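Letters A, B, C and D name the chains as they come in the text, with residue numbers starting at 1 for each one.
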Amino acid sequence: MNPILNPAMNSALSGGAPVATPFFFYMLSGLAVIGGILVITRRNAVHSALALIVTLLSVAGLYLMLYAPFVAGVQIIVYAGGIMVLFLFVIMLVNIERASKDRRFNRIWPIGLVAACTLMGLFVSAFVKGRALFPDRGMALSEGSNTQEIAKALYGEVNRFGQYTFGQYTFAFEIASLLLLVAILGAVIMTKKKI
Amino acid sequence: MPNFIMSYLGSTLTPGGAGNQFWALIYVLIIFAGVSVAVIAMNWIERKALAHFQIRLGPMRVGPHGLLQPFADALKLMLKEDIIPSEADQFVFWVAPLIGLLAAFTVYTVIPFGPSQAVSDMNIGILFMLGVSSLGVLGIVVAGWASNSHYPLIGALRSSAQMVSYEVAMGLAVVSAIVMTSLNTSGTGTLSMIGIVQAQQQQGVWFIFKFFPLGFIAFGIFAIAMVAETNRAPFDMAEAESELTAGYHTEYSGLRWSLFMLAEYAAMIAVSSIAVTLWLGGWMRPFPNLLHAPAWDFIFSLFPGLTFAGLAAIALIGTVRMPSQSFFKIQRIGLAIFAGLLGLIALLLLVVAVAGRSDSGIVARFNDGIGYVYWFVLKVSVFMYLFIWYRATWPRYRFDQLMKIGWKVMLPISLGVLVVTAIVGVIF
Amino acid sequence: MAEDVKTPAPPPPPEGEKKPAAEKTAEGAPSVADTKPAAPAKPAAVAKPAPPAKPAGPVPLPWISPLVEKYKSQYGSAIEALTYLGQNYFAVDRSLIPNLLRLLRDEEEFDYCVDITAVHYPKREKQFDVIWILYSFPRNERVRVKTQIADGASIGSSVSIWATANWLEREVYDMFGIHFDGHPDLKRILLPDGWKGHPLRKDYGILQQDQEWVQINLGIESGQ
Amino acid sequence: MNDRADQLSNLDLDAPDKTYLDSNELIINMGPQHPATHGVLRVILKLDGEKVLGTECVIGYLHRGVEKIAENRTYTMFNPYVDRMDYVAAVSNGLGYCEAVEKLLNVEAPARAKYIRVILTELNRIASHQLWLGTHALDIGAMTPLFYTFRDREEILKIFEKYCGARLTTHAFRIGGCQYETYAGFEKDVKNFLTFVAPKIDEYETLLTTNRIWLERTKNVGVISAADAIALGVTGPVLRASGVKWDLRKAQPYAAYSDFDFDIPIGENGDTYDRYLVRMVEMRQSLLIIEQAVNGIPEGPIMGKVPKVIKPPVGEIYHSIEAPKGELGYFIVSDGSTQPYRIRVRPPSFVNLQALDIMVRGLLVADVIAVIGTLDIVLGEVDR
């Protein structure tokens, strides 16, 4: 059994009550999947956006189950709170009536299907070979003898996150921010003809 | 089961921290009821205070001095026909107020009314609060869109732009307070709401006075941003009644409309709670480190009772001064009963305070809890009064000016304050 | 004074008969164009026209002033200058509008068009008086310009001279049905767009309504 | 929207700097049911986001055919109707009408009547400005001044009520003078009012004049240059705020205004803030005029020698006065009968409203509200 779903570990980490139960896991994943399906099938873009919010919140819940509360919080504040508001902002300016009459799946859908299958294959292979590619925290946890200690170590999750971003992975972090800067500049150039 | 109930009573953890779902549920219910009552009270106080700013009397008919007016309003709103425009997007129109309401009430799970008087203490408490309260704007945005009408749409656009931009300055101000929490011997800060207050206690200063004026500026930024965040005057662009009739809730009526109002006031209380927690020492009474002798504890523990006694006295004066026509007879009786109730609460609180002095068990703990909640609520109500005061005094900003202030003034200042706070924190 | 008032006034000369038949349109218009550059002498010296003598009885008297002389010499009998109770007005031929108005603004500094209105005389051949009330800020003086037009005829618009004429002319059109040539957007202003009839004409009864419009747009049988 | 919006001719504007996102132009109806259009004004706005590309005013919802009614009433009977045009400045309307008919009759009101007229008209000017200030501030979002101004306006209405029995549509004057002698204590009431209201005007100014938000909302908003203002025929405080020192009370004095010493305030920039300041100073100047008038009010008759049946000789007359909102003119054509052949009212609000379009282009929706407020229109007068 996945150590994350180990009740003993749960109670140690949350200080008593088990949270990361299979029930929550399946519920949240189910919500995320249903939301994802709705995102691509709804004709109305605002409905899609709302479904996407459900998906994002479910994923945030999954992060919580993985004892990554900081990532969950960031997921809510950035994706569900910030980005989705901007999404809706843009969608509202689009003429929904006309957009919903357009054909939803146009001719390039085979290409999309291929791309989706490729991505799927990537995920599957990552899942299969995952242990070799990534340090598996769950495994590390199960190997530790004292769950209380691990729980303590995990409590400083934000600190560790900070240390990683500004220590070990500074370069990757800065590259990502540079990428965002380029995107911002591109957006400015696209919207404004004369700057 | 009784063990489940009783075992928690001696605990110094929050129900969430202790993993006690029963008490968590009790706390949730208490908070839900408390916030609802607070919104009702706020409704009455706002109307009365605003009226007195404006040389009017405000509600005077329903109940003595209009005390029952909020209930009459609530009843009316519940009975009113719930109109859904035929051209509206039915489902989204239906779900929008619920989103706002859920977001506004969910944040209360982490608000620390005392060191253990909170539903749960997440280690990302403040992040959770900001994140969930930012979801509230979704309700407004989709409400404006679903109404399928121009004014609500403009209101929704305004409010989404406004909230997204003010969240940035607000977040940076919050971060500068969080940086202050790390100024201890171990050098680790915290995002936990309770941890933030405890950090202030350890450092012996409210963060508003820390590194004066840095903390004060950050607090000021937050205090301005939270007004914009809750769409209140002078930043009430989203529902600017003289421009957009009623903004995003123009097409709403009845119960659904009242849910928006409930969400708005709940959000006001929530953001005020954040400000109180981060900068004004949360549940701490004034000078907890300086005046910490048991005698002082006792004196401060009398405050809640005395406050209620004072309110009872005011109500009593109102009863006495009520005109003596027969028309006012029922009102006089009603106000007298109200005064009696307040007096009874005051008496109860005073008894607890006196009893808690000699007791060291559950009564003392209860007494402490009352003290914490009292000081917290008192600080929050100062903000609530400020909200009313702003509304009575100021004209409304224009949308572009609002954005200009947000991006060109508040954001650089909050960024600067954050950097300077960090530097000063490292040096000292 | 009041006794004077009670004395019966001289029989009203129908306003239109004061002027000779003005059919000089063909000559009038070019003459304006010719004389305009040739008249640089701006009569600044005549800023204050001679105060007209107050008539004992209320009869329009000829208005004598350098300003009048100037335009009389230009247009001859197409223009008539009168004064009544101290208020001066020109009664001009239709063909002089709007050129005369432009001259008045440019040369005589009548820079403010106070009002444009009309009066309906159904018994006359040319049924309408159109009246411009002008004011000059530098001279602190008012003047009225009147012209007569027949029903169905149109008259030059003065929107290009005073921007304010836009709505004023629209109201005249709305109320009297007088068309202004060159108006950028001549449509009804106070009455709804589809309304039939022009209420301030004398033949439009005070209780009269466009019943059809009322029935279609308001969904009621009658507006009365 | 509707068919009307599609045929907006004066909304075809020179294209703004086009961007890729400009394709969404929004046409919205502001009014006739809208909290800030002061009645039943309907403004069709063409918006790019929130920027106003153009406006079209649709008026006439309150059209009652006042001019048509006039042709079917005698001169005396029509007198009360004029109060219903600019109903917040009914006294001014009455003054203009009575003076115009008097001029047509070639009679003059006695000096005492003129002084009473000046006092009441100036009181009415203050009341009108107070109402404007309250609603204008409310439009910009300041709720409180409304209640202050209405509290003080009440004192003026009380004086009106005591004088002629009506508060709003007063019908205070008659052709030839005044119907009523001042009541006992009139002068005392007016003097009390003067001492009462002066500090109250300070109070309004404390709330607004240096208020940062008020300044930001009104400065450089709805600017109209003097040349534009004159070309558009704008009058009253709006014209004066653009820097044109012109007031009919000085330029062509009527009633007893030549007897009094007062200033005409003018603005510099012609923006909303200047219009606000001009009106505030005008209120104070009105107090000065009232003070002089009430101190120097002569004894004597209050009714001139007018015949019982008013039958002006054939002729036409134009007379205008400085109403609180601008030049209010009456053009009366008489055919010698007891009924006017034609009465044309030159309404200041109607003409001033025309300036809305050029004042708000390029501004934001919120500014449209501010500008409608600052133009100080009354729809009863716009539509007549």
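We take it that contacts are C-beta pairs under 8 Å (C-beta built on N, C-alpha and C of every residue); 3 or more make two chains touch, one makes a residue touch a chain.
All values derive from a computational prediction rather than experimental measurement.
Engineer: For chain C and chain D, which third chains touch each of them?
Structural biologist: For chain C paired with chain D, there are no chains in contact with each.
Engineer: For which pair of chains is the number of C-beta contacts greatest?
Structural biologist: C-D
Engineer: Based on the averaged CA atom positions, which chain is farthest from chain D?
Structural biologist: Ranked by distance of C-alpha centres from chain D, the top chain is A.
Engineer: How many Å are there between the centre of chain A and the centre of chain B, using C-alpha atoms for each centre?
Structural biologist: Going by mean C-alpha positions, chain A sits 31 Å from chain B.
Engineer: With centres defined as the mean C-alpha position, give me the chain A-chain C separation in Å.
Structural biologist: The separation of the two C-alpha centroids amounts to 76 Å.
Engineer: Distance-wise, how many Å sit between the C-alpha centres of chain B and chain D, to the nearest whole number?
Structural biologist: Inter-chain centre distance comes to 46 Å.
Engineer: Taking the mean of the CA coordinates per chain, how far is chain B from chain C in Å?
Structural biologist: Averaging C-alpha atoms per chain gives centres 68 Å apart.
Engineer: Two or more other chains in contact with one residue: find those residues in chain A.
Structural biologist: 93
Engineer: Within the complex, which stretch of chain D touches chain C?
Structural biologist: Those in contact with chain C are residues 4, 9-10, 59-60, 63, 65, 67-69, 71-72, 103-108, 228, 230-234, 244, 246, 251-252, 304-307, 311-318, 320, 327, 329, 331, 333, 335-336, 341-342, 344, 346, 350-351, 354, 383-384.
Engineer: Per the contact definition, I'd like the list of chain B residues that touch chain D in the complex.
Structural biologist: Listed in rising order, the residues are 50, 53-56, 150-151, 154, 157-158, 233-234, 236-237, 240-245, 391-401.
Engineer: Mind pulling up the chain A residues that touch chain B in the complex?
Structural biologist: Chain A reaches chain B through residues 11, 14-17, 44, 46-47, 50, 53, 69-70, 72-74, 76-77, 80-82, 84-86, 88-89, 91-93, 155-159.
Engineer: Give the list of chain C residues in touch with chain D in this complex.
Structural biologist: The touching residues are 1-2, 4-6, 9-10, 12, 57-58, 60, 84-85, 87, 111-115, 117, 119-120, 131, 133, 137, 140, 142, 144, 162-164, 166-168, 171, 175, 184-185, 188-193, 199-200, 202, 204, 206.
Engineer: Mind pulling up the chain D residues that touch chain B in the complex?
Structural biologist: The touching residues are 26, 28-29, 34-36, 49-50, 137-144, 146-148, 151, 207-208, 211, 213-214, 216-217, 364-367, 369.
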